[in-house]
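Order of writing sets the labels: A, B, C, D and E. Residues in every chain begin at 1.
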Amino acid sequence: MALLRVENLHVRFKTPFGALRALRGIDFDLARGDILGLVGETGCGKSVTGRSVMRLLDENAAVTGGRIFFEDADLLRLTEGEMHKIRGNRIAMIFQDPATALNPLFTIGQQIDDVQRTHRAGSTRDRRRARLELMASVGLPDAAQMADVYPHQLSGGQQQRAMIALSLAAEPDVIIADEPTTALDVTIQAQILDLLRRLQRERSISVVLITHDLGIVAETCQKVVVLYAGRVVEKGTVEAIFADPQHPYTRGLLAALPRPGSRGTDLKVIPGNVPSGLEAIDGCAFAPRCEFVMERCQRQLPPLMSLAAEHQAACLLHEAAVHG
Amino acid sequence: MKRFMFILLSIAILALPLMTTVAQDRNVFVYGHPVAFPNLDPSSGNSNENVVMGNVYETLTFYNAPGSAEILSPKLAVSWEASEDSLTWTFNLREGVTFHDGAALNAEAVKKALDRTITIGEGSAWIFGSIASIEAVDELVVQFNLSYAAPLDLILSAGYAAWIMSPNAADQDSAWFNDGNAAGTGPYMIASNEPGQRMILEANPDYWGGWSEGQFDTIVYEIVEDPIVLEQMIRSGDADFTYSLPFDNYGPLAGADGVSVVVTPSFQNLLILLNTVKEPTSSQLVRQALSYSFPYADVVSSLYAGLGTQARGPIPANMWGHGAELMQFSQDLDKARELLAEAGYPDGGFDLVYTHVAADLDEQQVGELWRASLAEIGVDLEIRGLAWQAQWDLALNDPANAQDAFGFYWWPDYITPNSWLTGMFVSEDEPFFNLSYYGNPQFDALVQAAATTSGSDRAAAEAMYVDAQRLLLDDAAAIYVVDLPDIHVIRDDVSGYVNNPGYPHVVFFYDLSR
Amino acid sequence: MAFLSFLIRRLGLSVFVFVGVLILTFIVSRVIPSNPAALYAGARPRPDQVAAIEKKLGLDKPLVEQFRVYVGDLLGGDLGESYHSRRSINTDLRIFLPATLELVIAAVVIALVLGIPIGVLAGAYPRSAFDYATRFVAVAGVSVPSFWLALIAQFIFFSQLGWLPLGSRISRDASLFYPVALQTGFFLIDAAISGNWQAWLDALHHLILPALVLSAYPVGVTIRMTQASMLEVLSETYVTAARAAGLSQRVILFKLALKNAIMPTLTVVGLSFAYSITGAFLVETIFSWPGVGKYVTEAVLNVDFPVIIAVTLVVTVVYILVNLLVDLTQAFVDPRVRLA
Amino acid sequence: MAEPLLTVRDLSMTYVRRFGLFGRGAQPIRALNEVSFEINAGETLGIVGESGCGKSTLARCLLRLLRPSAGSILFDSMDLLALSDDEMRLMRQRMQILLQNPYSSLNPRMNGFDLVAEPLRAHAAMSRKEMSERVASLLVEVGLTVDFMSRHPHQLSGGQAQRIALARALALNPAFVILDEPTSALDVSVQAQIINLLIRLQRQRGLTYLFITHDLSVIQHISDRVAVMYLGKIVEETSSEEVFRDPQHPYTQALLSSTPTPDPTSDRQRIILPGTVPSAANPPAGCAFHPRCAHVMDRCRRVVPAQRNTKADHRVSCHLYDSAQ
Amino acid sequence: MKTRPRFRIESGSSAWFLLRDRAALISMAFLIFVALAAVFAPLLTPYANQGRGDPDLSAKFRAPSIEHPFGADGLGRDQVARLMFGARRSLSMGLIVVLAAMAIGTPIGMVAGYLGGWIDEAIMRVTDIFLAFPPLLLAIAIAAALGASYINAVTAIAATWWPWYARLARAQTLSVRERAYIEAARSIGVRDRVIIRRHILPNIMTPIIVQGTLDVGTAILVAAGLSFIGLGTQAPFADWGVMISDGRLFFLSGRWWMSTFPGLAIFLTAMAFNFLGDGVRVAADPRLRRLL
């Protein structure tokens, strides 16, 4: 039973240049205790998906179809009041740049306390104790002292740890981590990813990890959903996808990465650019860049097809394999 | 927002009752005054503070309102006489007069007060220029020794500089007076002073004239710059007296309930001095043309709402020496064109600069009306509003670069026809107020002769003044615009009011009652 | 430590600016087109009087010497004497400055009390009818000529409704029967100290209209600034993070976001103050309000330069102090300045 | 062996951060600490390190956009630090830099033609026609079309913008190009295009590159040699193959192991460094890396390790290798 | 790649955004209307001479009527004509002040920001001194010293206004100076003055123009204030501030039209410049566009 299930999610943005179809039918499940990677390039819709789940889309964006189940409730049908009880409390979020995601004028302790007070009863003293434990558990040394410190006095890594503590303050079931390490250095990234894995293990928290970095997915996630132009092009277990990518886009991405031994060879290139989302796309969005493009691809929207127990791809190349 | 407005209104309404709780146990007279009192020092003040001075201080002699049998009447001096050569004057002082601070009025006090004014030498103190020394001959007898003949009795009635203050006050500096202190002999004493806002006078219980029923206990000067507010106040009875409203507003006001508009000729007139040394106004013909171009009738009837009268020469109609038979210019543009052509300016074609006091709307509009007329004869008038001092500086620095036409009010320092003619038109080595730079030996001689004759033979002197003015008119040294009226608005329930133009806008409250 | 060095630097700057202001005003005062001595002598002075006064005022000395005397007097706390009224400017300002400050402070308080909450709500609900209305009001507030608004306000509240007095600080009756003993020069304070509630109410009654008129600009500015910084703050990631943490709208708007948004608004307090002073200069005459504005406009008409310069100097110093205060408050509120 | 194209000796750069009243307090920040290396013509040196390690400062010092406080830079046997400002301006024709974010490094108000023509205008007297021919050929060379002459930066995709920036850098036929994280703002698929292009241009024009990045996988693909920087110092320098085969400095090892690889099956031991990079204003005594080092020894806290060759072409600054040589 | 059409829309987007802002659009229309009325005043009113100051005593204080829709003043001059001719002065005062302040302040600020060091410090301290005066106060002092006239009023205001632009230009220059394209230009060997002219100036102009648009309204207000206290335009000509001042004495006693219409004119014009300025700012700044 999935803890979080997204079904056929469509999101549109109103822009001065017309409607932008940011999401054009996204489906995925998040099982309890899993780390699910949402991966794709700029503009593929991965962050929009995260925001949709939190119902924190900007004003000019609207969910135009689909459902998002958390346990048994369709988040899209909850009142704003009910949603308040979910946000932070059951589903929490961490952001790309911790320097901007923490309020500069409040101490770390105050900011965590706000969340605690919103979602958890308890005396000031209890909250304080819980807070210090929490901060210690995310690896903020000297928690008692750190609680009284303002964000600008912390390093980037510490800020992200504080942000994680903030998201854990109400002991949520799901954390949506939107590029949590992109603003950080490699060695700090390793620390934070390690922390996320540990929290997932120890607290059995489920994580949706939004990233553009296939390496992070490979090292951190159990499941992967590859997005392209607002649609899922491939999903499955990490092993299946990295060992045997089936969608031409996934393959192209992996092949484009420089890796040991690639020196002296040309990197594999996906020609062209990502579509903007403003144009209507009838068939497969990847068709214009695809080396295996068939005439049908231009017209027919490829459905997700199961290739193995936990491996699906949305490519007409596999139609034969699946049906035939 | 709504709630805030609500609170605001409640406060407004709460405060309303206060406005109506006027305790009427005191007889209060309110003078709505249009400008603040700049300088309360009786020695140096020479501006609007005279309306206070006239009630707090007194002079030795008093200039009676025109129409009285005598020109002067006794005030602090009960009698006086001059020597044959007019160089020695003896004044006998009133007995039993005390200053507000308790000091007694005596010859020493008078000497000290006038010496102070002469020593400071500011404001109008120059009117005492003839005084060589002052002697306290007796307790109540003061003798003045003059260095040249002068009408000292008249001079000592002046509305500026001639005030007698107590010996103690005479030791103080200007700042002391300007903090609202005073010690005169007058019927009222300064009770409080809120600079720029209001001044309150209380009756002097020990006034030598004594008090009777119906006279006012308290005088309030409300300083209100806005004439509309003044008008509102006088209409509603918030003020008992005011002046300086727009001329157009007096008409409707005269018909209003409970209000009288008192119009009397004043000693003040408005002239436009023409530059007689600078092209093209150095030409007599051009000056005459300009005199013919001026829209006298429009100015008098429209600007001054018919309340003033067109001037006939420099000396106003209520002053002796006025020439009722003198010629009077009127607007005649054809004539003006002819004269210009004769002067070599057939189609005008020159520019003139007219300066006036920046904030004086009347002077400004005089210029605007004249400008329109001048435009018809091809002359362009630039109207330049300047602070008075700047205007004056411009005229003093270099006549050849000065303004061509200078809007100029004149009023006498002490009241003799000589003031107008000597002040504005007798030749000066360094121009001072002769800002036409007029120089006519014949004129100078006539005025000089008239001045010396005036003490002995008034009629002969008068004839000479008129002759002198005839020269001026022929030379067209100035445009004589208007003899100004004093226009005062007073509540009907106040009785006893008579305007005395010798003391401009001073209300002698002691004479009034309700 | 950082705060202390900030404080010292800021104070040093204020002193520097003050000296600059001093020099600049002196320069301006020496390009007067007319002879101040003649002015001092009053209407129609004689030439010998003028010369004597030139000597008395030290105008015959070289400029540098004049500047030395000028600064010397100022440091001795002497602003000089009005050429026109001969009164000591110190004495005058002791009365006029509190009158203006009372008015200006009232206007700024109105601006803050009205402007901040309205700005916060308008910023929080962009594109709502309230937002549009607010924006209109704010632009109207900064666009309306204060002296014209004063006339209109007098027409409505005095002529038509008769609710509020036309002008002046206190009614004649109050000053006759309930005179306020002047201590601070602020009527509302002085009347309250002496328990003179009749006069207090009267003074308040007189204060309302001019203060409201004067507050138009600062209200507009405060609304604009609060709304703009609120919008900016609400688009910050940390606000999204707060929403994602499930915090309530009330906490987000009035606790978290406002604290961030209030900083630029604080700057506006200084500006508001300045603009209210400017407004006071134009409006006081209309309301017969005996403050520095009325004082200086009269001085302008009389080319009474010692007054113009003294007022410029004193008001500027008040403004410098207000800005100093604002800066220090801001530095104190912001831990990034306080602790950096 | 021929003379290296670029020789850097003991380059140090110390900023002074002023604080306090009238800036009387001064805090030196040592951004570069005696950095030495050489680059041979036609070669690519990769500089790798995390933010704050001084790699960007190094790039700017080499072009004298910043003035180094000590050391020497010999470019083509010319001492750059001895040149006058005007001479240096001319020298910049031969040394170019490609910056990280193409959008911010292109003036948004200029179109493709002006952008590419700007260096030509600054240095070469050319007719408008010559110039436009030259711009066109440059655009084609970097894989664009002449259409791009009229486009403004905001009308370009990230990859296209970076190609324009590259065309600009190549306009004066430089011998040496500094590439300062040229692909880190780009998506993976575009990154591959740019990297391929850079390699092709290097081959065709015989360019010498200094490639700065934090991404080790990109470094090993493009560089001949790699220098690893930490807190203003080069801690390890060797060939590209060698650094991956046998990283010796503990920091290099940690960096390599921290870099995620797209291979879920790899079961390598991860080294997770504790703490963060210390501030250059207040560097630790001894070896700057010692507070985070798993192999820290007493000596590390006191003595700055000297650089020594552990192999013929492998230099390390670490006390672990004190016994080598 | 057929990506062109999309870029076409975007390239016109600033103007496009401005045109979508209804308030800015109405404001622009209003300002064009006022400007046309000012420029073509002699052709549009039968009372052109009255607009230039000639009296017509027969119409003295005439209340609004068909002949004189906004009434006539104390010298009988048609107030519509006065307003139209007054617009020439009021608008030009606002524009000249802002343009002069910009022309003085921008280069100074740019040089200060680009060069930095003691030059920057010195220039900024001078602006500090100017900005220490409450607005209008210094202008009053300068105008009083120079004497009342239209030119002197403009000079006085501009003399107190340039430091704002110096500040703004400096702040913008500082931020633009840090942009990578400046470094890129320097690395290519472009000279400093070319960098200032070709890279800095174009990129700091947008906020300066936005500020300028907003400021024109304020400058008109300040100029009207100076005129109101008698330091501006001199008779027989009038700007709107003078007209309010002229009518003020009669406002409460029933002749309301003399002050009301010029006041409205200032109010609406200043508002229009504010809305337009806001519109330009939003249109020019992609970050603000969502606020529309």
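Going forward, a residue touches a chain if its C-beta (ideal position, glycine included) is under 8 Å from a C-beta of that chain, and two chains touch if they have at least 3 such contacts.
Keep in mind that what you see is a predicted model, and the values were worked out from it rather than measured.
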Least step count from subunit D to subunit E, where 1 means the two chains touch: 1
Chain separated most widely from subunit D, comparing mean CA positions: B
Subunit A and subunit D: spacing of chain centres that average the CA atoms, whole Å: 32
Where subunit A and subunit B are represented by their mean Cα positions, the distance between them in whole Å: 90
Centre distance in Å when subunit A and subunit E are each reduced to the mean of their C-alpha atoms: 50
Shared-contact residues (touching 2 or more other chains) in subunit E: 10, 147, 230, 248, 251-252, 290
Multi-chain contact sites of subunit C, meaning residues that touch two or more partners: 33, 126, 285-286, 301, 303
Numbers and ranges of subunit A residues touching at least 2 other chains: 59, 273
In the complex with subunit C, residue positions of subunit E that touch it: 125-126, 128-130, 132-138, 140-142, 144-147, 217-218, 221-222, 224-225, 228-231, 241, 244, 248, 251-252, 256, 259-260, 262-263, 266-268, 270-271, 273-275, 278, 290-291
Subunit D-facing residues of subunit E, complex: 7, 10-11, 179-181, 183-191, 194, 198-199, 202-203
Interface residues, subunit D side, partner subunit A - complex: 50-51, 157-159, 187-193, 195-196, 199, 214, 216-218, 220-222, 240-241, 244, 254-255, 257-265, 270, 272-274, 276-277
Complex interface listing, subunit C residues touching subunit E: 13, 16-18, 20-21, 24-25, 28-29, 31-33, 126, 139-140, 142-149, 151-152, 154-155, 158-159, 231, 235, 273-275, 277-278, 281-282, 285-286, 296-297, 300-301, 303, 305, 308-309, 311-312, 315-316, 319-320, 323
In the complex, subunit B residues that touch subunit E: 226-229, 231-232, 246, 248-249, 298, 302, 358-359, 361, 364-365, 367-369, 371-372, 375, 383-386, 390
